[in-house]
């Protein structure tokens, strides 16, 4: 079942490949804008890097959130999903996983390349990548709640960011914190394990409030 | 006629007030995220401030772009606008102005308050506000082209950012540059007048390619 | 089962709660005034100067109550929201909506007084430290809750959606509270600023507690007032509201 | 099998209908009628447990549908005003993936046959975005061809279809009923479903100017 | 007034129709028929200059519509499969703003009357999102009540309407024709428009299994 | 009593801006909130009464249900 949902969402994403490619480009462009806005001193750039990369990852994920359920809502598929025999939470879990594969994973793959632009050491690059690998699933999970709550609501997209970004802040702090800790010579373990806890919570706990919110949206 | 379009779009925006408020909060939150990711040293924050505020303004504007035409497209209103007697360019101009009033102006108002968080001097705050006041109309104008080009295209929202952000870069550079110049004791005049030229071009030239793109999207 | 619960929440509860709340409100106002006067007298007239911070420390008598209340109200709001979601009781949804603006007010006041305190003490209005940041998140959560409810016209749907958000956001409260313990930050941890002499500490503590109590009573009074307004609006088509509106005007026009 | 007692529907401050009761057994069809906005769609969504009823109760095989959950949903097939097809996918992909989500076995040949039956031969591999309005509806209705679930709830299935397709769909419903299935249907087009025990339900007030003669 | 000669429509690699010619004068209605997917919508969009024709020409009062531009558009009223109403706005606001955009004078009273006529009394101030499917369509069709433009192009206007509303719309079209207007119409529901000189146009191949009897 | 003079009280040991800034904003907001509430409640009650009266009037006038009435303030 989970596979059916993931498969369908992935096929849809492949069909609009532009989505994946463009999400990655958004990430790249945001990350590259900063040096333009801030100026080119390498020292300052290095200290900004974890923050900028993580904020860009947050924003890129968030941008793709509104479509998580909106398309299915508009064309009536969401009703059909709600009426499917298995619990809605499981379906949502499938959609969250598919969302991460499409919107989160590419960022993880890109991060080391972009980190080089900021003159990060290989240690820091590794930690950056690992922190994104652990943290982005949490972003998808938490984001799903916001996407469901704002479904069909006036002012959807931006209201969504208002709801979701505050909840993303802990992920940002631990994620960027892990890299910062590496840069300043402390170990990243503490941050990473907190991030892991957030990710587990985000992926396995979030589908249930999300399902509840979807039912409310369809009423 | 211009008034009719602006009036209608403003009414729609008021109806989903959440939109305006939330766009402002998006701006606030993005600006507030950076210190979280980057760390709290005031000196570094001050040097980042112009870049961060301008990038946030770019992103906030960009987020509101997809809905510039998408709603009208989905429910068939856009076809009706195209069939209206007056030139489509004028209608687009009206929509651009309405978009700026809803999405651009609030950012200008908020910027000084947020600048304080970054410990900016009052001189720099003034220049920041003025640069946003001049620059944001350009963002709306240029953004309209992108919104029209990606209308109804698979992967719309993110593809849009891919198209628009590169075009935004000059605005970003002159805008953030004006503030930087003030911070480093040079005058902001040169930057600001270039920004003004961009804005004029953006608002009065952009509607025509936008109109053409809309016609193509409808074919 | 459904039948009785529905009838209970739809008709009986607001109908009985409305006049009850009307009777309670003056008492809470009185208590708020009493505690407020006592607390402010102790805090601003009697309590001695702080050894390190001078007179500026007196902001504590506003800042701490506001901060406490901002967190506490969120917990209460989430509690009501949860009850409403679980048992489908409409009154609790109304209570949650009634609490949110006051909670947002206190979150804002906590930030404001904190910022005004930070300038003389830390030399800056704002730092991005964990406590301050998580308090800011709290304000955003309140605003998100209010905005979400405002964006949904159907009150029952708004209640449910808001409840889900409120419950999810509860995780932020322990983060605010323990942030000073978990991260070493600029912000004082508990009781650091209470200076050495135990008698002074006691005096400050009393002032703080009384002010907090005042804010607490204030919040209850305000929430009850607001919930009554919400009830009128939402139940305007029920018989009891119609009776109230058309009949004895004194109850509705009289300010409680 | 499907019983509703004393249903009430409130939208905003308006009570659309109240005291709606009926009972539907195997092989029977409920034909819900009423003018625009009388609450037909609302009623159908209640029957699917998508919207909770303000008061009243709906039972399926004796149990209240709110409690039955999965048990009920696995016997239900709902088709709303919306087509529930993905514009990016082809009719074939849409049909296959909706079967998979409903946990039904449907192989590609059966799916192709179903599509051919509803007149989409030659369009199986064209993204639904390019289909005409009626073809989209046909793609959605192709689900019914191999649908074995007991209860069909169809909200204006004939909309946008040409007369031939309308006949076809009416035939599908007829077959379903003959096999002992139940159907709940709304439509503004008078179409006779073959060989069905039809119960009619009128919703809405008796405002004569609005009711068709 | 409206002349089409030798129109051809190509979608993908498929030629939907070719050699379509007709001529329509004041007071006449063109009734475009054909099974689902035969190209009716495509033809109507060509007539509005929304899609260019692959070959052939369309003339309005003698001039090719591609060249006429504004002159042609200010005499045209098009209503497609989509309703072109904003879900956030109320029917009243939708009607007023669409009139304003079309540069037509319409005061609030006239708009309210039009809405009452199409059966939306009591819903004037309810956001269209809450309307039923048929009510949304009615809100869109309310434009026709005060529409004075010469050429109406209506793509399945009757969809989702109840029989009373269908009658009403047919009546509106009839009045328009009597006043010397032109109309191009598609529908799968056989509805007679009163007192109209109707020209029929059949699109599509003659696949007998699909064509209605 | 801790203070020697009222002026000293006002000066707050050179922290007047900060202390009174806090007190002032807090006081203003905490007074404004109940006042706004009372005002909002009054307008609401007035509006509801007006609607009720209109409804009763209408139902007497044409015996129609509240279904078909256009409620506008």
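Residue numbering begins at 1 within each chain, and the chains themselves are lettered A, B, C, D, E and F in the order written.
In this section, a residue touches a chain if its C-beta (ideal position, glycine included) is under 8 Å from a C-beta of that chain, and two chains touch if they have at least 3 such contacts.
Here's who's who by UniProt: C = Heme exporter protein C; D, E = Cytochrome c biogenesis heme-transporting ATPase CcmA; F = Heme exporter protein D.
Small disclaimer: the values here were computed from a predicted structure and weren't measured.
Here the chain-to-chain distance from chain C to chain E, counted in touching steps, is 2. Taken over every residue number at the interface, the positions common to chain A and chain B amount to over half, indicating a same-residue contact. The most distant chain from chain A, with centres taken as the mean of CA atoms, is E. Between C-F and B-E, more C-beta contact pairs join the chains of C-F. Look at where the CA atoms of chain A average out and do the same for chain B: the two points lie 24 Å apart.
Between chain D and chain F, the centres computed from C-alpha atoms are 50 Å apart. Note on chain placement: the centre of chain B and the centre of chain C lie 36 Å apart, centres being C-alpha means.
Centroids built from CA atoms put chain E at 45 Å from chain A.
Of all residues in chain B, those touching 2 or more other chains are 15-18, 21-22, 25, 29, 36, 39, 154, listed in ascending order. Those residues of chain F in touch with two or more other chains are numbered 67. In chain D, 12-13, 81, 88 are the positions where the chain touches two or more neighbouring chains simultaneously.
Across the interface of their complex, chain B is touched by residues 124-129, 133, 136, 140, 143, 147, 150-151 of chain C.
The touching residues of chain A, counted against chain D in their complex, run 1, 4-5, 7-8, 11-12, 15-16, 71, 74-77, 79-87, 91, 218-219.
Residues 48, 50-52, 70, 73-74, 76, 78, 80-89, 93, 97-98, 100-103, 127 of chain E are the ones that touch chain B when the two sit in their complex. Of all residues in chain E, only 11-12, 34-41, 81, 119, 123, 126, 130-135, 137-138, 156, 159-166, 188-189, 209-212 touch chain D in the complex they form.
For chain B in complex with chain C, the residues that touch the partner chain are 16-18, 21-22, 25, 29, 32, 35-36, 39-40, 42, 116-117, 119.
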